[in-house]
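As structure tokens, the structure follows; a few thoughts come after it.
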Amino acid sequence: MANLNVNIGNLSLKNPVLTASGTFGYGEEFADFIDLNRLGGFIVKGTTLEPRQGNDYPRMVETPSGMLNAVGLQNKGVEYFISEIYPRLLQYDSEIIVNISGSSIDDYRKVAEMLAPLDRIRAIEVNISCPNVKSGGMAFGTTTEGAASVTKAVREAFPKTLIVKLSPNVTSIADIARAVEAEGADSVSLINTLMGMAIDVERQRPYLSTITGGLSGAAVRPVAVRMVWQVSKAVKIPVIGLGGIMNGRDAIEFMLAGARAIEVGTANFINPAVTVEIVDYMNDYCERHGVKDINEIVGMI
Amino acid sequence: MEKYNKRMGDFRITENAAIAENYSLLKLIPVEGLLSDSAIRPGQFVQVVTPNNATYLRRPISICYIDNDANEMWLLIRKAGDGTRALCDQPNGATINMIYSLGNGFDLSEAGSSPLLIGGGVGVAPLLNLGAELNRQGIKPTFLLGARSAKDVLLAEEFAKYGDVHVSTEDGSAGEKGLVTTNTILNSEFTHIYCCGPMPMMKAIAKIAREKSTPCEVSLENVMACGVGACLCCVEKTTAGNVCVCKEGPVFNIDQLLW
Amino acid sequence: MANLNVNIGNLSLKNPVLTASGTFGYGEEFADFIDLNRLGGFIVKGTTLEPRQGNDYPRMVETPSGMLNAVGLQNKGVEYFISEIYPRLLQYDSEIIVNISGSSIDDYRKVAEMLAPLDRIRAIEVNISCPNVKSGGMAFGTTTEGAASVTKAVREAFPKTLIVKLSPNVTSIADIARAVEAEGADSVSLINTLMGMAIDVERQRPYLSTITGGLSGAAVRPVAVRMVWQVSKAVKIPVIGLGGIMNGRDAIEFMLAGARAIEVGTANFINPAVTVEIVDYMNDYCERHGVKDINEIVGMI
Amino acid sequence: MEKYNKRMGDFRITENAAIAENYSLLKLIPVEGLLSDSAIRPGQFVQVVTPNNATYLRRPISICYIDNDANEMWLLIRKAGDGTRALCDQPNGATINMIYSLGNGFDLSEAGSSPLLIGGGVGVAPLLNLGAELNRQGIKPTFLLGARSAKDVLLAEEFAKYGDVHVSTEDGSAGEKGLVTTNTILNSEFTHIYCCGPMPMMKAIAKIAREKSTPCEVSLENVMACGVGACLCCVEKTTAGNVCVCKEGPVFNIDQLLW
């Protein structure tokens, strides 16, 4: 068996397979299908300072090899997470990473501060790229200044592994990644969803209540792989790759492009056991290619 | 054997019958295991991988009936899009993958002695399993089925096994002419109403139930992705805020809804 | 029958259906399958000042609901077009639009000058968004300054309808569109391909000789519809929509989002008769929805 | 009736036979019209829509044989990916859409009195139609077929109808042991070589042909999208620069290539 252990900053993952925020609930929703302890970790859904109801229904429409969503960060807030969810997650030995969002830099800082004391939260993923909320979110993620300022504030509040999740809706994602690295981020994860839109031509109205939404799924994978490749050449910190990973082959594709770890998102909806199948594939792949340590293949391209 | 809440597994189609224009009844058995291990409740649903890559995501389908003796699940499917059309076109013997059984199901403890089960179109599907289960609990329900015309009245003979069947058709070719909302059976008193059908129909029934102070549950079919409460796409506004239809529903007491 | 005639600047099209540059050859390749005179027009392949051999093989790989290409503007140059191709195209009464590219602003200007005297070339499409060439191409299309400078130069050289084809690989495509409009463009067409990449994980090498390429096909449609919607709200000039149009429904989707005309690209490879089927669908759609003039539905969303 | 160069049309599968492990021979007839109207030349190919949305783009397949009397086209397909697998799994009676007939085909005017037709693996496909056409022109070709082992020698009985058949297998279980490039038939003199198979094989045959000063044509299978010369994806470097294999090929005289 090859070594699948990878490190993201000071965070050690038993394998590179993580779940993408907002696609895996709090993990528990998938406990009937898989052994959660077989994952490198799971990234729990986007958490904000205050509870949020998210956007109106309809929030989803299927598109060719993908889907548009406009959930809008519906969640019960960081206090609820700390008091109700976190204790339940302690039963799993996979890493628990909390994805955080905010409408202001101060929001981000406060959420990070509140999570910092939790022993088993060894990393947070800062979402500066959500296309589905009115203020904050993607606004911070589309300029180097915005991305840097959020990273700086969170870095001061959270001493453990800090991952910043980047938006693909930019001219140069490498520039954003460098700005985030310069402010002390331990890692970047990419890509969040591409901003998209679909129209019901018979009813002559958008499918989503918010008109536009975030595109995910296999359709976006070529864009995601390209961006992971560009960013991994541009920064020294480890890159976490995501965007349309449907199976083990796709996961390896991201690692060859430069990802140290990967996140599985939309595929969880289609195959709730896909994450552990990817772990199995990684073992097979390493054996087939004589790879002793999966870190060897990271960034081969 | 442990009773799982949710499983993923392959099912083999033992019979696929076109029971009306655009409607097929699929009978399926799990390739492995027993349905009785899953403690499937009336009103729950499955998430099906559609054949031939017809859709990217799974499609939610109500469980129409569970025959634990035959280890058989029935799905009533309306050809509405590429996914459901591909399902209806599957030959006997074909295998399809499902996640099951999902959602909360109907609350049978509230049925009382004389519940009314109202279904419109393909919405009649979950009422068959509900009627059978009520029978097993010694309750004989009344059914009210709505359809466009006589040829679209679905599974009437099956429903008749479990209770009296009343029908409304839009063209009057069977039962009373008009929508279910004007059927005269609604003048009788019932202990509980269970309803599944098009949204305007369910809203109209909810209004009638409120006027008559009859407890009422409806089964929603919001567009969903995951089916297990993870993606938060299929939300319905309730007295408790936005909740997932796939997990907190698909069945809601109308008192929970903001209709 | 509804009116399908639409105007792009001074260019009058018998219907909104155009073919995307590089996907329809010089039209002749499809003459066995369809009556070319039924199209609004066809946009002939990217033409440069000098002949170009393009990139090395392999240039294409299929991706989920799409394809990556890296042709790199292979063409025989503008002089060859004028002497050999143009005379043959005069037999068709659909509009002939020439897509032009260059490595320098001067290249663009010269090609436009050489095409200006041709009577039947009533419009050119200026490609500032090709992701597959080393210099020029997308470089001009990803900054407002670059886009404006190319437009200005071509505007001086070409007095007829000037369409500028925009890159989607930017933070704000609306900003680019406004810059191009300000320099006198008569129309913008969007989107060109999204920059993407795919890796053969067994051979551990990219599928394309150029590593990255341009993603097209149904996969990108939600991004394209969103950008057409954003741009059509941002500029007053007509917008031409393209990106993953596979059928009549998709074409109407773009028009509802704000496109005055549409281009069909990758779909020509799958169904060489798709363009005329789209014209038929437009007629049916207008009849079904009681639309007397297709211009009524443009930008309904 | 007008002879079209290219058409798009549906074909019905009249017979789908697995002729070896991973190889199927599909016989198809056009749903409308006569193949003889298309003047299909040996070495041309079709672009097929793969069943069940297995692939996004069409897949190019060599035309193996045209039976104008039966109005039948044969396609020899190797299960190499999702698209070809879906084609091989199609039942008799299924319909598939094709663009046909594409590319230039072999140059028969250069065959001479004793041409050698060399095929490796699924590359034998276009040589059957070529052999039949050569026969019709009064020429009896020699065939050299390469395969991994005896069970993979494809369509040997069909080839034998048109000329002598020589075989090389890697394991020696049929014909001579080794690759086609070491088959002793190559010691004989031929007027022309037509070759289709894996790239290393064709390059090796091209080298031998040059050494013996025998004219040689090879059929390439570069990855392509449109098949009609529009997308410029399938280019091969030639003495005339990059040209489309789908339109200027798939058959090239080796003198055109930079091998």
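For the reader, a short list of remarks on this structure follows.
As written, the chain order gives the labels A, B, C and D, with residue 1 at the start of each chain.
Everything below uses one rule, namely that a residue touches a chain if its C-beta (ideal position, glycine included) is under 8 Å from a C-beta of that chain, and two chains touch if they have at least 3 such contacts.
Since the model is a prediction, treat every value here as computed from it, not as a measurement.
Taking the mean of the C-alpha atoms as each chain's centre, chain A and chain D sit 48 Å apart. Averaged C-alpha coordinates put the centre of chain C at 36 Å from the centre of chain D. Mean C-alpha position of chain B lies 54 Å from that of chain D.
Shown for chain A are the residues that touch two or more other chains, namely 63-66, 217-218.
With chains as nodes and touching pairs as edges, the resulting graph is a single ring in which every chain has exactly two contacts. All chain pairs in contact, by the document's touch criterion: A-B, A-C, B-D, C-D.
The part of chain A that touches chain C in the complex is made up of residues 63-66, 68, 142-143, 169-171, 194-199, 201, 204-206, 211-212, 215, 217-223, 225-226, 229, 244, 249, 252-253, 256-257, 285, 289, 297, 300-301. Interface of chain B with chain D (complex): residues 51-54. On the side of chain C, the complex with chain D involves touching residues 22-25, 29-30, 32-33, 45, 53-54, 56-67, 69, 71, 74, 217-218, 266, 268-273.
Against chain C, in their complex, chain D makes its touches with residues 4-8, 49, 55-58, 99, 222-237, 241-242, 247.
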